[in-house]
Amino acid sequence: MDDKILIAKRVALELKSGSLVNLGIGLPTLVPRYLPSDMEVYFQSENGIIGMASVPGPGMEEPSLTDAGGGFVGAIPGAASIDSCFSFGLIRGGHLDLTILGGLEVDEQGRLANWMVPGSRLPGMGGAMDLVTGAKRVIVAMSHTAKGQPKIKKQCSLPLTSVRRINLIVTEMAVIEPTDEGLVLREAAPGVKIEEITAATEADLIVPAHVPEMQVDPALPGDLFYLGGTSRSH
Amino acid sequence: MHMNKVISCSKAVEMIPDGATIMVGGFMGVGSPHRLIDEMVRQGRKNLTIMANDTAFEDIGIGKLVAAKMIRKLITSHIGLNPETQRQVIEGEIEAELCPQGTLAERIRAGGFGLGGILTPTGIGTVVAEGKQIMEVDGKQFLLEKPLTADFALIAAHRSDYRGNLEYSLTARNFNSIMATAGRTVIVEPEHIVPTGVIPPDAVATPFVCVHHIIGRA
Amino acid sequence: MDDKILIAKRVALELKSGSLVNLGIGLPTLVPRYLPSDMEVYFQSENGIIGMASVPGPGMEEPSLTDAGGGFVGAIPGAASIDSCFSFGLIRGGHLDLTILGGLEVDEQGRLANWMVPGSRLPGMGGAMDLVTGAKRVIVAMSHTAKGQPKIKKQCSLPLTSVRRINLIVTEMAVIEPTDEGLVLREAAPGVKIEEITAATEADLIVPAHVPEMQVDPALPGDLFYLGGTSRSH
Amino acid sequence: MHMNKVISCSKAVEMIPDGATIMVGGFMGVGSPHRLIDEMVRQGRKNLTIMANDTAFEDIGIGKLVAAKMIRKLITSHIGLNPETQRQVIEGEIEAELCPQGTLAERIRAGGFGLGGILTPTGIGTVVAEGKQIMEVDGKQFLLEKPLTADFALIAAHRSDYRGNLEYSLTARNFNSIMATAGRTVIVEPEHIVPTGVIPPDAVATPFVCVHHIIGRA
């Protein structure tokens, strides 16, 4: 199974019916594909729509209905448009149940760095700092390593996005939960040994006596289908 | 009879001097005042201070102001999808103040609504907090972020009536309705202008008293 | 001429076409009656309407369209409804060109007290503190004295509404402008002597060499016609 | 299929315990949730902390909660048209915190939107400033006023869909849309309930995610 699809399928299990969810650009937008069809989750795009959906079909793009990356999206019946103050009011005010974000680094205290690489990339934080600070629950969905180097480190070398401790890290190797005691290894991906995970992790991991295997449904679709996903014509 | 606020795009841009501070609506080009931006480029303003969520793409929206090297200072939340903005910022051609998106929106609203600033938890403990005042309220820490106002706000809307009541469409609203409160001169570029009375009071997202000039049909 | 009508007619001369104006309860709501018919002034009621007008006629009251006192009003074509944050954002943010308020006392520095009488009346400040602090221009329209006692005093004995210096006082005796130098007598009402004004004023008045007579049009209607004015059925 | 948030008026009020902190929408009774208020009186709650713009009149809206002596504490901007409220406050039966109207609205919004408070020029140099922190920002003084939240927000709306998207009518909007962000449980009493999808996204004044329960037809 593709790493990204594995991560997306596992993260999908964390979503609850009736909740309001914000998805970061990239990998997180794969997650809606793997929700049970009877589950109603509401997606917020921070540029101003609650109830985001995919474009209903080719030719039905609407220039005034896009996601935070500028890609065309659709909307569910009963969607609501809001301005940027209201959108971030919901985020900052604790109305957002969950945000799923990519990560560059997470430290041993569960703090995320995901918005800049000094000297080389200066994208700006966009909505990431508000999201990580304000959402009720933050899940980081990312590859376990980058160019062979661990991304879960004792200390972040990159600037932090927020000092708030995130709630869960899901990678292609493991599910890890930051706690008061430290980073706890909750699940290992199918076929991945615990020694492999600790070797690929710079931070200390607390390894419980029993670490269950990550359970995802291999029968669910395996193609990369992103919410939004329809690029603009630029 | 009431005052007609409609003017041409070129007349509107002629009001804007070099060195002006300008808020520009839009999010990755969606809901930006594209005709006003094109006219700014055509008339060739320089040394502008631009406040906007992002600089869109190199050939779209605010990205055109960047490409034409019209910007001296930028207050924004995201320039990641415009490599030319990143280049100008990294090489020091543009002075950039990066601001979290929700904070940027609230700072503009605070400027428009006469508040002395905002107290936000966003940015505490990060580089964003450097040099800023931390306030403790009931045991929780907040960053004091200052209000923003501008000489001009250039915004886009779906419909305007001749008085300047505005409606927006879906995610094209974004920063437009907020900036409409914070520009000393607010110029709107609507997709449609309708007779006054056509937009019912409850559908008005920006009341006419915030809008000074309406760009007429091309 | 009735004192209230004299005051309302004089205040009406201060209004400018295209401006946004907020009227306090009572006397100030008489003012719109005396505007030239070709002048377009927009009235804000702080409970959430811009473009307030009188009820178009009997039987056309709308339960959801009232002024700040709860009385029925109407709306001009192109009126806009706003919530209380937006309404006071306009007031605090300097978007309101003028507010016309009643007063209990004004001090020598031009500071208004109009919201409470300790020990006897505790109505609450409602929107008065925001209005006096935030409006670009504040005109106090009030009787010159109360029970024979001056209301324009060296010091207010009542709690201040704001430390902001108001812009003009209009009474049935005089027009007075608070300035850096003090309270300047700008106009005297028809038939009122300057000694009568200074005698009825506790604060020091600066009296210029020439004090013109207050000019109002006696031909304008003389009946008490309040904007709003239609009480609710309680 | 989506979740149905509609419940009866009596069931809604049964959720509210004695001693609860409750925001109640409305301005002089206009846009108040009258059926919920009547049911509160019928069920007889006590020791309530009420946050509301005003207490309306003695026999209207929030005035009925005053008349039934259900209120222990009141945070409000105006009680001048309700002599019974003034009497209970002056005689110490109700503890009242009087707050300028614009400040009250912003404090509720700050509570709902996760801000640490507001910085307002309103109240500087008056009794309202007593005991509060003054902040100087760029040479101007502002009063720090703290955010407000509540266990419940009881609001009225013109229309709700079954998801809880709300539209308001004219001056009946007032504090309702703001309180909808700041109650931990938000209960709306709409005049009409319409199928989801009937209220277009741009007409939604309060998005459904803020609303927990909708009062059904009587």
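Read from first to last, the chains carry the letters A, B, C and D; within each, the first residue is number 1.
Definition applied: a contact is a pair of C-beta atoms (placed from the backbone, for glycine too) under 8 Å apart; a residue touches a chain by one contact, two chains touch by 3 or more.
Just so we're clear, the structure is a prediction, and the values are computed from it rather than from any experiment.
Between chain B and chain C, the least number of touch steps comes to 1.
The chain with its CA mean position farthest from that of chain B is C. Distance between chain A and chain C, defined via averaged C-alpha coordinates, is recorded as 56 Å. Chain centres here are Cα means. That of chain C falls 29 Å from that of chain D.
Between chain B and chain D, the centres computed from C-alpha atoms are 32 Å apart. Under the contact definition stated at the top, the residues of chain B that touch 2 or more other chains are 106, 109, 114-115, 120-121, 158, 168-170, 173, 201-202, 205.
Residue positions of chain C touching 2 or more other chains: 49, 75, 81-82, 85, 88-89, 91-92, 134. This structure has the following touching chain pairs: A-B, A-D, B-C, B-D, C-D. Here chain D touches chain C in the complex through residues 27-31, 53-54, 56-57, 59-60, 76-81, 86, 89-90, 96, 98, 100-106, 109, 120-128, 158, 168-178, 205, going by the rule given at the top.
By the touch criterion stated above, chain B contacts chain C in their complex at residues 1-3, 109, 111-115, 161-163, 165, 181, 196-197, 199, 201-202, 204, 207-210.
Interface residues of chain A, counted against chain B in their complex, comprise 45-49, 62-66, 68-70, 75, 81-85, 87-89, 91-92, 121-130, 133-134, 159-163, 232, 234. The touching residues of chain D, when paired with chain B in their complex, are 106, 110, 114-121, 135, 137-138, 140, 142, 144, 146-147, 158, 167-170, 173, 201-203, 205. Only residues 17-18, 20, 38, 40, 42, 44, 49-51, 75, 77-82, 85-86, 88-95, 134 of chain C touch chain B when the two sit together in their complex.
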